[in-house]
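As written, the chains take the letters A, B, C, D, E, F, G, H, I, J, K and L, and residue 1 is the first residue of each chain.
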Amino acid sequence: MHILVLHGPNLNLLGLREPGIYGHQTLADVDRLIESMAESLRVTVDIHQSNHEGVLIDHIHAARTRCQGLLINPGAYTHTSLALRDAIAGVGLPTVEVHLSNIHSREAFRHQSWIAPVAIGQISGFGPESYRLGFLGLVNYLRLPQP
Amino acid sequence: MHILVLHGPNLNLLGLREPGIYGHQTLADVDRLIESMAESLRVTVDIHQSNHEGVLIDHIHAARTRCQGLLINPGAYTHTSLALRDAIAGVGLPTVEVHLSNIHSREAFRHQSWIAPVAIGQISGFGPESYRLGFLGLVNYLRLPQP
Amino acid sequence: MHILVLHGPNLNLLGLREPGIYGHQTLADVDRLIESMAESLRVTVDIHQSNHEGVLIDHIHAARTRCQGLLINPGAYTHTSLALRDAIAGVGLPTVEVHLSNIHSREAFRHQSWIAPVAIGQISGFGPESYRLGFLGLVNYLRLPQP
Amino acid sequence: MHILVLHGPNLNLLGLREPGIYGHQTLADVDRLIESMAESLRVTVDIHQSNHEGVLIDHIHAARTRCQGLLINPGAYTHTSLALRDAIAGVGLPTVEVHLSNIHSREAFRHQSWIAPVAIGQISGFGPESYRLGFLGLVNYLRLPQP
Amino acid sequence: MHILVLHGPNLNLLGLREPGIYGHQTLADVDRLIESMAESLRVTVDIHQSNHEGVLIDHIHAARTRCQGLLINPGAYTHTSLALRDAIAGVGLPTVEVHLSNIHSREAFRHQSWIAPVAIGQISGFGPESYRLGFLGLVNYLRLPQP
Amino acid sequence: MHILVLHGPNLNLLGLREPGIYGHQTLADVDRLIESMAESLRVTVDIHQSNHEGVLIDHIHAARTRCQGLLINPGAYTHTSLALRDAIAGVGLPTVEVHLSNIHSREAFRHQSWIAPVAIGQISGFGPESYRLGFLGLVNYLRLPQP
Amino acid sequence: MHILVLHGPNLNLLGLREPGIYGHQTLADVDRLIESMAESLRVTVDIHQSNHEGVLIDHIHAARTRCQGLLINPGAYTHTSLALRDAIAGVGLPTVEVHLSNIHSREAFRHQSWIAPVAIGQISGFGPESYRLGFLGLVNYLRLPQP
Amino acid sequence: MHILVLHGPNLNLLGLREPGIYGHQTLADVDRLIESMAESLRVTVDIHQSNHEGVLIDHIHAARTRCQGLLINPGAYTHTSLALRDAIAGVGLPTVEVHLSNIHSREAFRHQSWIAPVAIGQISGFGPESYRLGFLGLVNYLRLPQP
Amino acid sequence: MHILVLHGPNLNLLGLREPGIYGHQTLADVDRLIESMAESLRVTVDIHQSNHEGVLIDHIHAARTRCQGLLINPGAYTHTSLALRDAIAGVGLPTVEVHLSNIHSREAFRHQSWIAPVAIGQISGFGPESYRLGFLGLVNYLRLPQP
Amino acid sequence: MHILVLHGPNLNLLGLREPGIYGHQTLADVDRLIESMAESLRVTVDIHQSNHEGVLIDHIHAARTRCQGLLINPGAYTHTSLALRDAIAGVGLPTVEVHLSNIHSREAFRHQSWIAPVAIGQISGFGPESYRLGFLGLVNYLRLPQP
Amino acid sequence: MHILVLHGPNLNLLGLREPGIYGHQTLADVDRLIESMAESLRVTVDIHQSNHEGVLIDHIHAARTRCQGLLINPGAYTHTSLALRDAIAGVGLPTVEVHLSNIHSREAFRHQSWIAPVAIGQISGFGPESYRLGFLGLVNYLRLPQP
Amino acid sequence: MHILVLHGPNLNLLGLREPGIYGHQTLADVDRLIESMAESLRVTVDIHQSNHEGVLIDHIHAARTRCQGLLINPGAYTHTSLALRDAIAGVGLPTVEVHLSNIHSREAFRHQSWIAPVAIGQISGFGPESYRLGFLGLVNYLRLPQP
């Protein structure tokens, strides 16, 4: 089983950027967390970060035949990118949306997700742990017999 | 460490009610899942279900001095109960909100949560697995040194 | 055939409360009307009134295996209770929503019903006669071969 | 006692049109239902169908001195015609609004009625039975001493 | 100079209908008022009433080459008919919109006029006198040299 | 019979200001028009212009016992001044609201009047002629026996 | 193959009315264009114009058994007529909606179409050419094997 | 004179809950304040707190014949409970609504009260003093001859 | 302790204006009430009424160094004046907002206060008694040790 | 005559993605359709697809001096990209917007186009045929003498 | 070249009022800044502050023939005064709107300016420096040859 | 001191694109203006233009350690890009937002800026001069001792 993990815009600043909201761990720390989780669950991962909406879409398209699932933190594109939503719906990969911060307790414009309606589910608010919970949820979902 | 787990209105129908949305497992199945998770994480749990907003609030008040955290699936009260929100904010217990179905892909009136802004985070869409992920997230949060 | 009849909040005040809107008949009068209707249609009824949202939900759950249909005047919960709506959808009983007053000619917040979308239909404005028409409509519906 | 019954736009297609929503009975079947109801209640009826807003209004005006009540299924004009509403308010005839389908469970634009606020009441969702219940409700209303 | 005067839906009920809002004068009284005004201003008039949106539009089209101005009380079509608005804009006749009642002090849905933006001006609230003021305003406008 | 005429903010610029919208006549021209109208109708007038909301209110209060009616062009205060509305409602003088331009064909924020609901009626779009029509309408209203 | 072509309200003014928006060709010119297109595609056409909502609906009903498709420019009824929408949905004829002007670049109230959701598609902005493109699109659609 | 005093949901946490918003006094302190006020005004009081909407409604119903007035802090039900509003309107007791915090300076969803429109008045922002002012206002109101 | 008391626009009409809403006492009566209250509480007062937004602001500015608190009935400026709000926030005086009528049960545009968010609290609905309760609340607040 | 044809985000998935909505033809099939159309109309084309908003904008800029027209299916950027709209308005090329699916019968967020207001027109709902109709419409437009 | 500089309501409190938002410089400091800027640019200035909307309007009217440009900080009237907007549009003086604080990062009701649409431009957020930048921008604009 | 200057989408068309709105100067002219300003203020600049949201974000990230401030004209991304906003908030560089045209007097969708709330301030409407004023404001801000 092969999983695509995507980090959206500004997540490369993690640890450097607004630690009051996003914490002190860097993106490399998060990636190590995901990789060790993947190893313990015996799945392989491809991890990418990009600030470019188009690059994120290209990665999702490329995963259509190469991966079985998608774990994505779409960052600010969560709230503005219908193209990303269409990409996920288009490739038909089971997708889990994660957020470091609790988007539902921040500004009103962060409450709505264009991505969640085409995902299995959404996890937000647990910091880097959101990725671990989301990864676990995605892999368990993929291993369950689907109706 | 002692955790209060609350199931909101209509969750007693689980397995009996709209399996297309909520799956075939009963609430007893879910409770066993939580209990086994609790055991493996070495925490104890109190589990209650009620269709009464007031009873749920009373449970939360009672937990103020008896529990360290709250895992809640507020059911339809998610979208209508400010009193439940005030109860959670009032007792100050770290809280995780979980939903069986992906509330963000259902009717518009299920997209907004009055509870999430006073919770650590929200997990929705993974079926009974949402409880397991939420429980794990809550316990890890409680075990982390908080800033 | 066994029918559950539920009167929501404040209907116990009937006859005592705002006769300009709700008329002079008491709830006991209304119940006698329903019972005589039931007798003439050769069905049996269970009738309850409660001001408690949770109690109404509990009655609906209990009816899941005991009744074939539900006649409900949800009172003010019509406009605020998603939990009641989920209860009705959850038990899957054919349901008719009735109102004494014409809710569509009163304050704007009484125009929208959370219950009607999960009911067979809605009848409002005929005073106690709304119950009789609703009862008749429900029984006829249950006696028709459904597609 | 003489009652005007009006069928609004597209109801002439009944039985031919979208049976999933409106059922298989034709308008002639519905009219026979109303006529037999009228006979058993010993009232006479005038029944008209028109796709023209103006023709419906003209019928209502003509009924001002000839009829004691109006039973109307305004079809799509329910949601768009203030002129129809003004006609009903203008002639001052007690009016009952009926709908075959449950308008409250369909598209949002069908939830609001311009007619209901000037009617005695509204009945929706019972198929052709809506007409029978509405007719019964109207006649009973007219036979009651009004305050 | 020849002026078209149009009375919209339900105005034929004038004097019969809701005298609390519209007064006791009949449409024939109003027409005599207009005719005497026309005579004293030495202009001729064509006066029509219709409950049919299409008939009103046909009258306006016919006036394109026969009349120099239009005085219209569009009744409830004021608030719902874009087709009437397009007809007025299409024929390009200077138009004055009048209302018997003060539409700005009635229900919110009567505050917006689709017609006023394509008219010279709007007069409302003076009862039958609104027609006289509107007629005077229209004729004076037509007699002024336009820039 | 004594009438108060009030010109609201910026009307002192008339003739100087945006002639494309407001025409070339000055406020003095308009006042002469009103005075000659008053003379021919045998009523007396008090005319004031002010850019100060408070001054306009003071004038209205002073008119409570001195005048029988109010003709007002509230200018931009039409759309923002609840205090002006309360002043008019407070003194209880029959009031006519006039506008030089057709406010219903200008920017959306000029469509709503806070004043019109407490006035007899509103006249807009006829340039200085609006004052003449409004004055005539007001005097005729005052001379009619009121119900 | 037989096609119904309907021109909605005010289209009879074409060429006479607001040429800046609608161009200089008359409706007769447009009809000739359609007829020559029909001939070259070897289909026959019935063409009607009406300013009456009800007449348009009657034409659509009559086409139910006589035509295979409908090409309609609903004019201003595009934005106000749910009855027309229901008529099209009711007869189930494949329908193409066309507009001379680009409705999406005009006033906001012209952006929404009640008709488009029950049509195959919508074409707007090409002047009389919109009819030719729409006709071509409709005929090609009808000649394709539908899934 | 006998007064019912009701404390709504979460007020039992007073002193324990969010002291930054609600202060350090407990509900028992507040009750003593009310009781001493009652004594000095020579009226008797019944004081209840409940987190259950239904229980609050039951108390209000019971007061219909036993009390002359109602002092209520409806807590979060202020903003969500139409049933509570209907109960107050139903029993017809003069009612004063009080709030410890200034609800108008908190989150937008706390600005609207469903209760205030059926109360004599509303007092908010004075901490426990709000109860004293409200009690005083209610008793003075009851002692005044009402028009 | 010195308190500024401000009466906003139209309050000079008190007793003369709409007694159904505002009662029969004049502003002089209200002022005597306040003065006697002040005397019994041993504080001094400055009382002003103005219909001018700017004059009210000037009074507030002048009170910055001369007074310890502000009691204000902002009349209609409650709902329209951000400048008044900024003045209160700017001088930083503890402020209590009072209203004679219950603004929450009147027109929707009177439900929102721009002033309340910068005040200690709001009292509305008790007639002249609102001033007494507000004065008492303000003085008690000023005499309490503030956190 | 040289035409730029642009396919927006996710259109590279055509034939692979959601065939229920978008059909079974691939983008290469669509391109062949356009090319054969171009040949028969004796114009040349440049065709590009990109998932990158910026790349689409760069193509449009480059076409400013090289092309005479633009045919664009902006995909999801239709509803979110003001930058694309500004690019089209900026280069001033006659533009036709096409969509495979009928965007007006899909989710509400797909009904609004930021592009259409700066285009000649919009065609949606005909599958790959939308491109052919749009291409034909664009070329005819370019060959007409423009006013 | 002569420039009018206007300070709106509450700006006389500058330095005294909410220094966290508005800084510590007084209005006299700001005026000296403007005067020295004026001197260095060789233009003369008239500077006024008022809390009265009407006084600000009077100043603008007076400047119509005496000044070549207007620099205005409308304070809270920015968001509420259409009369001020009409005054600026009426006199036709090139106008620059300035704000000390960044109005776009404060409460939502401060984001909209009624003044900006009739100004050359808007500058906000630079403290007293906003005046200097605005003054410079205005003078440069006036010295440029306008198209 | 080193400043990053960013030009957003379509600004490369400057001088070529819609000169009625944006003027005749090219982007190279603007850059020379900025460079000469920079020289006279003795700061250095990095200037980039891109139509790619992702490229703009990458530039901002790169500036985090290399620059002391950011001057940005975000073009159409002003109104749609939360990712750009997060980038600016993330790197924490003092930022000034500038616009050539007065965005507050253009289409409604250009009135809201997602960027301004995380900037020092916003300057719009002065053409290329906006950049000069913004640059000056930014440098002065950076040279001031910040609280």
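Assume a contact is a pair of C-beta atoms (placed from the backbone, for glycine too) under 8 Å apart; a residue touches a chain by one contact, two chains touch by 3 or more.
Fair warning: this is a prediction, and the values are worked out from it, not measured in the lab.
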Starting at chain C, fewest touch steps before arriving at chain I: 2
Please state the rotation angle, between 0 and 180 degrees and to the nearest 5, that superposes the Cα atoms of chain C on chain D. 180
Note whether the interface between chain E and chain F is symmetric in residue numbering, meaning over half of all numbers used appear on both sides, and answer same or different. same
Using the average of all C-alpha atoms in each chain as its centre, how far is it in Å between chain G and chain J? 23
Chain F-chain I separation of Cα centroids, rounded to whole Å: 31
What is the distance, in whole Å, between the centres of chain D and chain K, each centre taken as the mean of its C-alpha atoms? 62
Whole-angstrom distance, CA centroid of chain E to CA centroid of chain J, is 46
Hey, what residues on chain J touch two or more of the other chains? 52-55, 80
Please give all chain pairs that are in touch with each other. A-B, A-J, A-L, B-C, B-H, C-D, C-H, D-E, D-G, E-F, E-G, F-I, F-K, G-J, H-I, I-K, J-L, K-L
Could you list, by residue number, the parts of chain E that touch chain D in their complex? 8-10, 12-13, 16-18, 50-55, 75-77, 79-80, 109
In their shared complex, chain K is touched by residues of chain I numbered 52-55, 57-58, 61, 64, 80-83, 85-87, 89-92
Spell out the part of chain L that touches chain K in their complex, as residue ranges. 102, 104-105, 111-113, 116-126, 129-130, 133, 136-137, 140-141
